[in-house]
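Heads up, the thing below is written out as structure tokens.
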Amino acid sequence: MNILDYAYTATFALLGAGVLLTMYRLVRGPSVMDRIVCLNTTSVLLVSFIAVEVALRGDTAYIGVVITFALLGFVGSLTAARFAERRAHDRG
Amino acid sequence: MNVLLAVPVVVPLLGAAASLLLRRAPRLQQGVAVAALASVAAATALLLRATADGAVLTSQAGGWKAPLGITLVADPLAALLLAVSAVVLLVVQFYAIGQDIAGLSRAMPQVFHPIYLVLTAGVCLSFLAGDLFNLFVGFEIMLTASYALITQAPTRARVRASMIYTVVSLTSSILFLTGIALVYGLTGTVNLADAAVKLGGAPAELRMVLALLFLVVFGIKAALVPMHFWLPDSYPVAITRISAIFAALLTKVAVYAIIRSQTLLFGRDDIAAVLLCIAIATMVVGILGALVQDDINRLLSFALVSHIGFMIFGLGLNSVAGMAGVVIYLVHHIVVQANLFLVNGLIRQFAGHSSLRSMRGVTTVSPMLSVFFFLPAMSLAGLPPMSGFMAKVALFQAGVGAGGWLVYTAIAAGVVTSLLTIVAIFRVWVRGFWGTPMPDMIEARVRLKSGAHVGGLRIMAAATGVMVAFGLLVAAAAGPLSELAFVAAHDLMNGAAYIEAVLGEGAR
Amino acid sequence: MSAPGFILIAAVAVLYSSGFYLLLQRSLMRVVFGIVVLGHAANLSLMLTDRAITLPPLLTGKEGPISDPMPQAMALTAIVITFGVTTFLLALAYRVWLGDDNDEVPADLEDRRIGRLSEPEDSS
Amino acid sequence: MSGRTPAGAAALSLPQRLAGRMATVVWLTVMWVILWGDASLGTVVAGACVASGCYAAARLPHLPVRLTFRPLHTLLLVWHIAVELLTSSVRVAVHVLWRPRRMRGAIVEVPMRTDSDLLLALTAAGLSLITGSLVIELNREEGVLYVHGTPIHSERSVRNLRRQVRRTEELFVRAFGTSSDIEEFEREERLMLEAEAADSAEGEA
Amino acid sequence: MNDVPMLLPAILALHAAAAVLLPPLAGRLGARIFLLAGLPPAAAAVWALAHTPAILDGTPVHATVAWAPALGIAFAFRVDALALAMTLLVSGVGAIIFGYCAAYFHADERGLGRLAAVMVLFAGSMLGLVTTDNLFALYVFWELTSVTSFLLVGHDDRKEQARRAATQALVTTAGTGLLMLIGFVMLGWAAGDYSISSLVADPPEGGPWLTAALVLILVGAFAKSAQVPMHFWLPGAMIAPTPVSAYLHAAAMVKGGVYLVARLAPGFAEAGVWQVLVLGVGLATMIVGGWRALRQDDLKLLLAYGTVSQLGFLTLLGGAGTQVAGTAMIGALLAHGLFKSGLFLTVGIIDHQTGTRSISRLTGLGRRMPVLAAAACLSAASMAGLPPLIGFAAKEAALEAFVPGAAPGLPAPASAVELAGLVAASVLTFAYSARFLWGAFGDRPTVSERAFDAPSAAFVAAPVGLAALSLALGAVPAVADALAQGYAHALPTGEKPYHLALWHGVTPPLLLTAAVVAIGVLLFAKRRTVGRIQNAMPRWPDAEYGYHLFIHGIYSVALSVTRRTQSGSLPVYLGIILAVLLVLPGARLAAGLVTGEIAIPGTEEGLRIWDSPLELLVTVVIVITSVATVREHRRFPALILLSVLGFGIAGLFVLHGAPDLALTLVLVETLTTIILVFVLRRLPATFSVRPGGWGKRLTVLLCSAAGTFIAISLWLMTAARTADPVSTEYADLAKKAGGTNLVNVILADFRALDTLGEIVVLATAAVAVASLVLLNRRDRIVDEPAAENEGESPEGAEGAAGPGPADTGALALRRRTAGAEGAGAETAERGPAREGEAGRAAGADESADAGTAADDEGSDDDRA
Amino acid sequence: MTGADIATAVLLPLGAAFAFVGTLGLVRFPTLLGRVHAATKPDTVALVLILAGAAFQLDDVRGAAWLGLAALFQFLTVPVLAQTLGRVAYSRGEISTGHLVTDELADAVERSRERGDGGGT
């Protein structure tokens, strides 16, 4: 087992920990904004995961997925944020 | 690649596209719709003739051989149901056109016609599908179209009803998908014939679980007690033509799916007891519900539920005779339900509603209507010499032949149900058709007979009359029909013909 | 032979359970959520019908077994279909909101009326 | 990113506007093709259609593309941003690990010296990319940025933040601004310096 | 088969054709239409007479029209002596009655065409009933007579009483008819043949099966011929026009049951249950009918109860199954058909002229209508069994049949009882016959005379003719006897042949008759005392009351069941569906696991925690987000949780090597999110929070159980797979097809049909959404006036309701403002739409509270 | 053990570490804006590093180019998102002013209010 494997393990471990932390914040809240942030973070982490998978396999099949996820995660979070803003205005 | 099999699915879709493009030209749109449905009817008639001897036609879509590609299969049962459905669809189409011409509908024709054609395609595909997932797709096409149709001329009540309808249907679809996953997990295929072969080797208990699961899945759509509640809350609220088609076809498609899956996939008799129990419950609960309804549509819907029970009863007998009875009953019920709903639609034109609480003396207002109602009513009640009597006799013969206390209970339930059906349906006659007519109904009659409505109304009445005639024809042609039914039942009860037709010789 | 691990089975169980629970709520929006969750659940169970092979079904000449493309194809179709229907359901919710100010599923009026009856209306 | 078009946009001539549009569409199409993976004709055409469709649907604000490109300064800018990104990330990391509760921030008003909307937007984006700072609001009419910075504990760090913002702006202007932008920028800067000198003098007095 | 017999189906068809063709003519012809309507029955009668000699020679006429051979249903006809007798009765008397109708009805009577059509239809089905040889065909005609009689009894449909009576008659006869159908099916199945003649020729061996079948059949027959305790519908049916009563309830329909009994008697008379039922019920009916006839004031009711009694008499004779009884039966059948219809027609005339049928208001008719009175006397005498009328001959034969020892099949005590019953019934019959004459034509000084004009000769002709026939047949019993022997020879022979005749010498029956007459006279003379006794006696349990109890009970059950099940609430429905899912497959799976019939896969086949630890991670994400979504009560956070869940699923797909799937999922997910956001914008921020408690706990339990079930079955199924998936063959096929991405190849090539369907679904959904959200909003604006019109129409409660408009305004206003701050520009054109909506909503609210929502919504489309 | 491998071995864990730190900040920072900072920027760094690390493992250049494209997207999108989040957070008043040294935007909004036109958002 060479360095690379250690590296992969470490990466997965760290990312996994990150995911768990994000989940914590996601459930905890308190604000909707926090959740939106978590949404974005999740997408980024997912993209990272897939990137690592790509590295692990040297397989280009998932690269399209990487890009699309990056974009779509952004779009989703942005829409949500916009909506949150409008909500704020409705309240005001 | 048998073209006949593709026509009922493809032509309506093309028609739908065309009529969507032609939405600015109503006449053309109607023409396209009628043409498409007529060609479907013709094709299905040919199919029926081709399969009348028990042959099973298949067509491998795209030319990929059976387990790989999608197979369209037409066995006698499918062909028969297709033919009948096509006729009903065509007639209802004319009714709809008449109503639009008369300007008595708030439904948007430019939306109605395309989606109606899509519905047709969905129904046909569901009948023809020889592949579990394709059946799912067919169901979804049909259901999506029905979602769109049930919200035509949306009012508060209709939106509410469509909500119940949509959510329940979605639930069944999800469960259907789950079932497909399970079947694929167990057999590694979704082709019905292939799966049938492979399920033969699967553990019996697991097969049983699957059988029950699919019974639930299709039972929801077929409104088997106790999964029927949604139906009387949703069907009657839609506009007449839609209720007619739904009541006539959608539940029957589900029943067809039950028959197909239970006979072909899980064709063992260990589920018969469950079926019989469900049948008893469905018959009795349904008709009891019908007794206390005031709205004719709701009454008919409950009657529909209860009579689904008869078909399940026949299926539960698990014999050729019973299956034949089911087939006859299916045909009879498709026609008679559409018939009654259409008549009720015409009544609504006079009464403005369909509630018995404020409806009297239709016989005086329109004798023709009362004849149109009375004949199918007799048929629904199973009174001779109508088709309903044929169906009941076939079922009772099969039941008496089968024996067993559960069967006898079911027969008793059937008798009670028939009696209560008579009570319920003739209650409509006595309360709504007899008696001194309501003044506003007479006014409405005058208003409708004079002025712009007449032409359209004539078409509507003609369509209904054709439907009545079709019902009588079914009764008169009971001989050939029963022959055909037995042929179909024979094919159903031993799936060998089906499987060989799909997988080619030497399967299993 | 090809059963997935317990973890995923648990995931499926949770998904179905929560989906059903959402489905049983009165607010149509939660029902929609329930449908979405159930859709996930169904697609997941489709996916779980084959061995957990991480190589995608691409004929790129890579060695090693590839995952079963069939469930993927079916799940793809199912996803799209579910999406379409969900959209319709949302439109329905919007419509309901137009009618009355919330998106709750009200009980059927005629059923309620009959439920209120104590005596059958006519026993002629 | 709010969709309000700049005041000058109306004055643009048609070809300019078209140029702006085309740029966006082309860019979107390229994206599409790349995502699709193969550069066959069909893909390109489809991409173009989709792109223009999206464009028409979204009614994106078309900013007048009056930019020049100075590789040297650009490199400088990129380097600056990269460094800032890393260092500030590290700083944040430190704070995360070391007493996060103590961390405080500030929202600082920074008047901009350029009035080119594009540069303004770019600057804002650049700032937002850097961990320490986050543009909360940009007021186009007055050319003022409101930047949230963290960690900030004292007036000094507030001033640092200001300086950093200004530095970023300058780099952007020098990297992409047209000559007129740069002149204008320097004029503004002179004024501002004088002003500062003035009130610093007051401060001493 | 020569073509003459095939006339019979033709004649039946003629009836049907007449029924179709007559109504339009009613307007022009008026009451004369009945003369036309009388032609088919007349034709039938003529046909019957023409074939009489041949049939009496013992060669029955056959004719068959195939219908549904696969089900054993065929229009097979077989006219033997019995059928001939019935045919003559049904069609002959029928023809006479049709003629009578022409005089009875006024031209301006409502629905004459309808009446004539239904009557001829009835005549046809009655003819078919008595001539068919196929059980099912018999049932067909049987129920046809039920339906037609329903229409005839309810002819005066504006009378509540008529409607009730019609329903009653229908439910009783058609309902029991269903039992009879089951009986037929059982009988036919036991015998393997549905042809009556062959059934009777060699009946299936006895046993519980046969017993059940016979009981069911007899129940049907008894109900049809108004046997106790199902006799109540007959007096009720007297609401029908008198000619109808004369035809249905004297000559034809009520004879159906008797006919069936007599038809089956040769085959089944030996069966124990048969004799018990037939003799017992017949006896009871005889007595009850007679007893109650004796106290009626309405002449028609008197005759009705008389009919009940006579039907009991006939059933008794028909079922006894001895030659003598059979002979008597035929005689009585003819006799009763003639005199009873004659008497009914008499009552009809009285009613028609004087306007009343009540004994207590009639007097002195004897003097005013001597001819009629004379005819009535003859008929009544025949009814009372006095010589020299056919009734007498029949009565003699009947008494003879039950003289102990005379009947071979019957144990002496039983026949003694029967004989006593017969005598008693005869006494009663004599008494009420006398009462009838006295009531109809007698002079009662207490009653004031009514003014009326004498009936026309044509009018009186019918009863006179019938009376004359009674007399003729009595004078020349040989005619009737021929028929009787034709039927009776089929029955097990008695010790000596017996013939219908007026004089057999001084036999026990003769003496009995003398006694009967004596007691009868006494009974009539002491009628006041009798009346007192009758009033004094405790009222017998009334069968009609039982019927109402039955119906009401059914309705109550129906209501309570429906009220409990049909709650109208969607969550309940779905919950029940889940429960079913658990009870049917779930329980089965559990059972299989417990009993071990379902093997739990071992370690080598899938008993493992995970395939890669990442699965654990993704699962954590999925579990957390889904549970959080369930617990979240604010819409928007729930939405975000949902999107995160989507990402989790996508991650899992990536893990399982499905990049395309993951892509699509995330794409769809994002789209859904965006759409959801746009919808959510309009909805309140939080869901309605439901209180916890058992309901909620139950739901949680239910759902988790269902989820677990599905998951476990998924695990078991996948573990149990043995065959390789079909998709293994795709790889090289795809290579041939030149695709690299298998999924795409499947979607685009192998399963292109699915993809097509998927696209269709999407398109349809799009159209649906458009029509729901965009188009209808516009057409609301357009046809707002239409809605107004509805508001004015009596049903459309919307707007018409009091506070409706006020709220409308308010609501609309609120909506408008909400919209204004909601979504900027498009609000301007949406405002009015909202207003319309709100208006409708408010209106619907009002109507909903009024409980008539269904109606006005219903009207929405179908009465625009 | 090529150089590419070493690069990957360095870059991937480093990126992962950044991501971890960022999420840690997401959990630990007391203020919303702080969390936004922590969640957006280090993640960007992390993603870029990881993509770079992955790129080293790809033998063909196109794949690497695509990864670069992904990174580019991240660079383009993050500021937009961060900015939107910040603005929204502020407009929702979810700024815990206790943690702010100064809030000059508030003053500006105040001023614009006095001036009468809706200056800010």
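The letters A, B, C, D, E and F name the chains in turn, as written, and every chain counts its residues from 1.
Throughout what follows, a contact is a pair of C-beta atoms (placed from the backbone, for glycine too) under 8 Å apart; a residue touches a chain by one contact, two chains touch by 3 or more.
This is a predicted model, so every value here is computed, not measured.
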Most distant chain from subunit E, judged by the mean position of its C-alpha atoms: D
Winner on C-beta contact pairs when B-C is weighed against C-E: C-E
Centre-of-Cα separation between subunit F and subunit C, whole angstrom: 35
Rounded Å distance, subunit C centre to subunit D centre (Cα mean): 44
Centre-of-Cα separation between subunit E and subunit B, whole angstrom: 23
Whole-Å gap between the CA centroids of subunit E and subunit F: 76
Contacts with 2+ other chains: residues of subunit B: 133, 137, 140, 144, 147-148, 151, 154, 156-157, 163-164, 167, 171, 178, 181-182, 184-185, 232-233, 291-292, 295, 298, 427, 430
Multi-partner residues of subunit D (at least 2 other chains): 34
Interface hub residues of subunit F, defined as touching at least two other chains: 22, 24, 36, 40, 44, 66, 69, 80, 84, 87
Subunit C partner contacts - residues on subunit B that touch it in the complex: 133, 136-137, 140, 143-144, 147-148, 151, 154, 156-157, 159-164, 166-167, 170-171, 173-174, 177-178, 180-182, 184-185, 190, 232-233, 291-295, 298, 357, 427, 430-431
Complex interface listing, subunit F residues touching subunit A: 1, 5-6, 8-10, 12-13, 15-17, 19-20, 22-24, 26-27, 32, 35-36, 39-40, 43-44, 46-47, 50-51, 53-54, 56-60, 62-63, 66-67, 69-70, 73-74, 77, 80-81, 84-85, 87-89, 91-94
Residues of subunit A defined as touching subunit E within the complex: 12, 16, 19-20, 23, 26-27, 29, 32, 35-36, 38-39, 42-43, 46, 49-50, 53, 61-62, 64-65, 68-69, 72-73, 75-76, 79-80, 82-84, 86-87, 89-90
For the subunit C and subunit B complex, residues of the former touching the latter: 2, 19, 23, 28, 31, 35, 38-39, 41-43, 45-46, 48-49, 70-71, 74, 77-78, 81, 84-85, 88-89, 92, 95-96, 99-100, 105-106, 108-111, 114, 117, 120-122, 124
Subunit C-touching residues of subunit E, taken from the complex the two chains share: 163-164, 167, 548, 551-552, 554-556, 558-559, 562-563, 566-571, 574-575, 578, 601, 605-612, 615-616, 618-619, 622-623, 626-627, 629-630, 635, 638-639, 642, 645-646, 649, 652-653, 655-661, 664-665, 668, 671-672, 675-676, 679-680, 682-684, 687-688, 690, 699-700, 702-704, 706-708, 710-712, 714-719, 721-722, 725-727, 730-731, 734-735, 739-743, 745-747, 751, 754-755, 757-758, 761-762, 764-766, 768-769, 772-773, 834, 837, 840-841, 844-845, 848, 851, 853-854
